[in-house]
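Next come two complexes, and both contain subunit A; in the first it sits with subunit B, in the second with subunit C.
This part shows the complex of A and B:
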């Protein structure tokens, strides 16, 4: 696929980073370019940064021993000792470069699902440092992970260093009740749009090649700071640019528990909003893509037992409440046939409530079209998607309650196929939104 | 280092949707009855929503307005009625913020007789450098082979100036003396004017009346090699100092003559395809594709970086200079039943009245405009089917206030109706109560929404702006089918020029196995085989198909 770049109205890449980055980062006298940069964006991550630093240290001493490397900490101005803890955890052997990135007051006011204010700035600062150091590969780690395993770092880096991949995205092991937003919307949407089956396109930990880093830095516009824009943008930009992408099977990932985690509707705004926004930027590209293909997976994902039982009845009730309260809002974007189908679902017993994949795909696509047409304020529109999403999650959990991880994957794969089958519906609605009948 | 423009792609004009408007006619921001930049800024969101990517402004410079601003009295300012230079710059920034380029009209063939250069020239002694800014003669017998363009008002291209005691040369109105490009200082002045606006950030110039820059005895004084040389110098100057800017030539000439204005890609980036426009109307009325295919087949290849500007209507009359006498007679009979509609060598009407207000005919011609090789230029108001007023003088009937709402003055101005620069259209069919933006925005089936969808769809496919064209010639001449190709994209367009349903059999066997996907509804049609591909088209119906390879 040809690169379409990005025309986002977000801040220019040149403005990302700060004065510290205007000066070239020195490799050191006589030092060769490192093969690997491990970059971590951090802002007041004292609770987790030590463990991450420790994992990096172990990794560099273990499976990555022998590689020349540099750890880059992009620091947003922590006041909880994050940099010192990092330095301490890395130990004396690791070479650490600390760069600062700007955190604007507005970034601090907004609760973001990933917990790192100014995430795009942090990422740009790391990329720029990796570029200036001339690193062959760059691994980005999320500072909020609470169980980062040392071998994950090598598993992310090796496909770039040894197999010439440009982007390595994580394939985490997730119990059925986790990662539902990715499974229900991001994965099938991304797959149907761009023809690439990446199970977790919203990559917080990933690795990329120097040429992909360079292409990121060459773009005029980076996504808005809000929410998950930059995480999804990273993957989309790589796929849209025709770069070689693969997955690295990792284990179960856990986050630091935070007090300020936003609620579901806010997360939908932050995660699904950028995905829908991206549709507008890349319409020329995705409307030409047909079908989809898997990407190579490196490593064997460890098997995990079934997840915790979830109170599906509560989800169903939220869906029903949403139907009662938001039906008129949904009617602004959904056709009558969808509203009737939802009405039938609302009336069905909890235990047999099954939202059809094709219906769910059309609902997501109709919301994407509504977002584009600005039928409602975008945040209101996306928030109104939350009960519908819970309805789909309830259906899904009832189907995979006792399923193995492989069976869950197969179920999600079927959903992705439904999104692909419904893609002509999206294209048709996108191109000619005025429809008398549907 | 060339100064960057607002566009990143040097070929941005190939993918553009250009919207032509007159500041005077678009929106009145200060309530004086005349449109202005303050009003235009208020309406930029509308243009962005419509999907246009480039705004072309008709002349907005200080002027006595004896030719609606094409008589420029000062190249470096804004007419007081339209605002100030600051207002223009605010507009320019606001347009760029919306990813819209801005092209301004620069009349470089002539000035107003009120321009300081002319006032200075007529007082300067014969032979002085100042006098030499214009074309003077002691006799009105030079350049006798040059035609008169405004035949309804002018009897000669020379006018006696009692102060200079010489005749001065003018290809248009007598108050518009032609600049003398044999004087190198004139070109220096013009380049300096261009620098002034390009430094400000404008993205290009429409060069008005560009074939007439230089005069030579024994010639028609049109399209002379010396004129091409002037344009080459202008282009070289711009390319040397600025990036991603564009020159659009207004050369109402035959395609073979207009070809020269592209040079070897070193003159104008774009030029209008004037002869195509009347033939679209003629083909529609005759229900015969021949006039359309014929003129495009006569159109020479142009350099890779060049582009045709295509239009259905503009601020002038539907010009019939580039047709044969018989074709002209046909056009008058077909499209100007009311003699008042005729002006000079053309018909002064807007698109909707020319189409008898038939929505299907408007859509058909617009679909051809958007799918033919070139960049479409949409004239303000045509996106809502605005009407005209042939009882107003000159071409003023197609330059009436934009119809925004059904409120007073069509929402164009808060002024007393008597203060408006022009009466609004009030007839019961095309009047502002019936035809306005507000009403059409609230009607999802309106022409305005249709235009938005068409513009949006065209923007998804670079093939329309950059691809080749190849006509098919099925037996039924009422049907106009053509391929557009660019890279891997193959688009098949089929248009029915008839008011009745038509069948057509197309030989698509070279594309055996491809699947036509109708582009508006993304509907798959039966795969192409070796047999003729049969289609039926509704009255004035058209299809655009993406030809996709069958899945393996």
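This part shows the complex of A and C:
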């Protein structure tokens, strides 16, 4: 059911009932379309939702004070009082629209790295609400962030409202050991495929224009619920559609620690799987792209420093164990030259183990081709990538041990360039896989 | 007396001639059926071979854990082996059908027995194929999972699981074709128990560190593997 509901003394809460929003959300009698919708998908996020609501409130009172806005909470049926905490944190001035989205039993059974079951449904519910309210911009925030700063919301919204960008993705400054999957695979893969240098293609916090929201809603096929499919799909759809994209520097992002965080191999399946799946769907597009270009970055954000030291020796040990036991599995995916190169790497001392960027790029591309050719079950293939990835992480952490955040970024840039150089290899393997079969 | 001998001889000869006359049409039918079966078998062999080659069966067989087929196959081609098996199976069916056309008690009984047994053999073959596929799938799942858990005895665990499933499969297949039921059951129980015991010992001895780390981690309510402390995304 849709209802309007806002008054001056309390945040209005509108319950729309279902994510599909059969009934339109009304703006309220005589109300103009809000310029900004701030959407949050939540499911049992009592631990963090208060802080997020507080940051939204501060933002709306501060840098976004002049804007007409609506906060949309897409709620999956929390039983820990998340909506009440959100309402309380927003205070009496903010206008809150609560929409519910369906969470299926299967969504609850699956541990997802981002912690929001039915994330695609939540995202769809927010986009539909923003569309029906006629908002010019829509900022999406992740309910699991534990250090969301009020200025982040303005930084994400302003490029859409003031500079006519269609998608604003976050640019986090993170310690070297964080976001390694993004640095090692997602960023360089996305950059080499689509020619756009976006540091965080799998964006949980982002902003988009009404134009882009409409184009999302017009698409028949949304990705399935598993893992990070919808996050990556958002970015690739915008880039593939030729929409204007930029980055907003936000600083360091932290998540709430959860009990049900999946293990690394599951995270890889949930994050890398959709990226490889995307390759298949957009094969005609990425094969035509050559080179890459940066996107504008808005704002500057300080880094929190190097972060906790990581035991690299254990990572190397995981890589070596993987080589010893999974070599036969890898041989179904990788060419003999890569296996030989890995053998040399395994034999090198811990302190000097350095995985060559070109080798790593070819390994990722080989796995992408293997995923396409179904040489193994897709989950087996992706899970077997975990020890190789840990080998890369060990090598990377040793290289950037004392580096500044800028130097770390430059190092990641060089990796992205290596992926671009190896792109012809991917295209060859993609087009003529039989030439590479042993 | 001579007349009686002549009559008896005449009757005997008549019976023999009659029997031969009765037998000959069956023999002709047998020959015709074998010939027809041979033609069908040759055509089927060609068709099956081409179909399997088109489906890239050789590669699939190797990937799916039937690489042993390569060694058994003519020209190291499992497709050729399957096509050849189809040929001989059709020939055998033709021969058995021909035997029943002879209208002789023994061959007919033999043919009917073999025909009656055929579903069990086909069932056993299906059980074997499914068992090998499941064993391979589980072995790979366990191997990858155990490596990602950093278990040093990952390979051993994986091999143990594979052989557990294979032993179970062979026992089920033999049960299906009704061969030495009691012996199979006892042998299976001994082997299964032995493998489980061996695996328990191997895991217990090989994964002491892992068990102690896991217990320690649970006691402290925290994580200690470096990859668990990293926010990967």
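Remarks
By definition in this document, the second predicted complex is superposed on the first by the 414 of 438 C-alpha atoms of A that agree within 3 Å, B and C clash if a C-alpha of one lies under 4 Å from a C-alpha of the other, contacts with A are read in each partner's own complex, and residues count from 1 in each chain.
The criterion applied here is as follows: a residue touches a chain if its C-beta (ideal position, glycine included) is under 8 Å from a C-beta of that chain, and two chains touch if they have at least 3 such contacts.
Everything numeric here is computed off the predicted structure, so don't read it as measured data.
Because the two structures share subunit A, they can be overlaid on it, and in that overlay subunit B clashes with subunit C. In the superposed model, A:433 lies in contact with subunit B only, and not with subunit C. Put simply, more of the residues of subunit A are touched by C, taking subunit B and subunit C as the two choices. In the superposition on chain A, A:424 contacts subunit B only, with no contact to subunit C.
By the touch criterion stated above, A:229 is placed in contact with neither subunit B nor subunit C. In the overlay built on the shared chain, the residue A:363 is in contact with neither subunit B nor subunit C.
When the two complexes are overlaid on their common chain A, residue A:94 makes contact with neither subunit B nor subunit C. Contacts of A:135 after superposition on the shared chain: neither subunit B nor subunit C is touched. Legend: residue contacts after superposition of the two complexes on their common chain; A:220 is shown touching subunit B, with no touch to subunit C. In the superposed model, A:290 lies in contact with subunit B only, and not with subunit C.
Steric collision with subunit C, judged by C-alpha atoms after aligning on chain A, is confined to one stretch of subunit B among 398-406, 470-478, 488-496 or 542-550, namely 398-406.
Touched by subunit B in one complex and by subunit C in the other is not one residue of subunit A. Subunit A meets subunit B in the complex at residues 7, 220, 283-284, 287, 290-291, 424, 427-428, 431-434, 436. On the side of subunit C, the complex with subunit A involves touching residues 63, 137, 140-141, 143-148, 150, 152, 154-155, 225-233. Interface of subunit B with subunit A (complex): residues 8, 99, 444-445, 449-450, 453, 456-457, 459-462, 519-524, 548, 551. Every residue of subunit A that touches subunit C in the complex is listed here, in rising order: 113-114, 174, 177-182, 202, 228, 255, 263-265, 267-268, 271, 308, 310-312, 314-315, 317-318, 321-322, 325-326, 329, 332, 375-377, 380, 383-384, 386-387, 390, 393.
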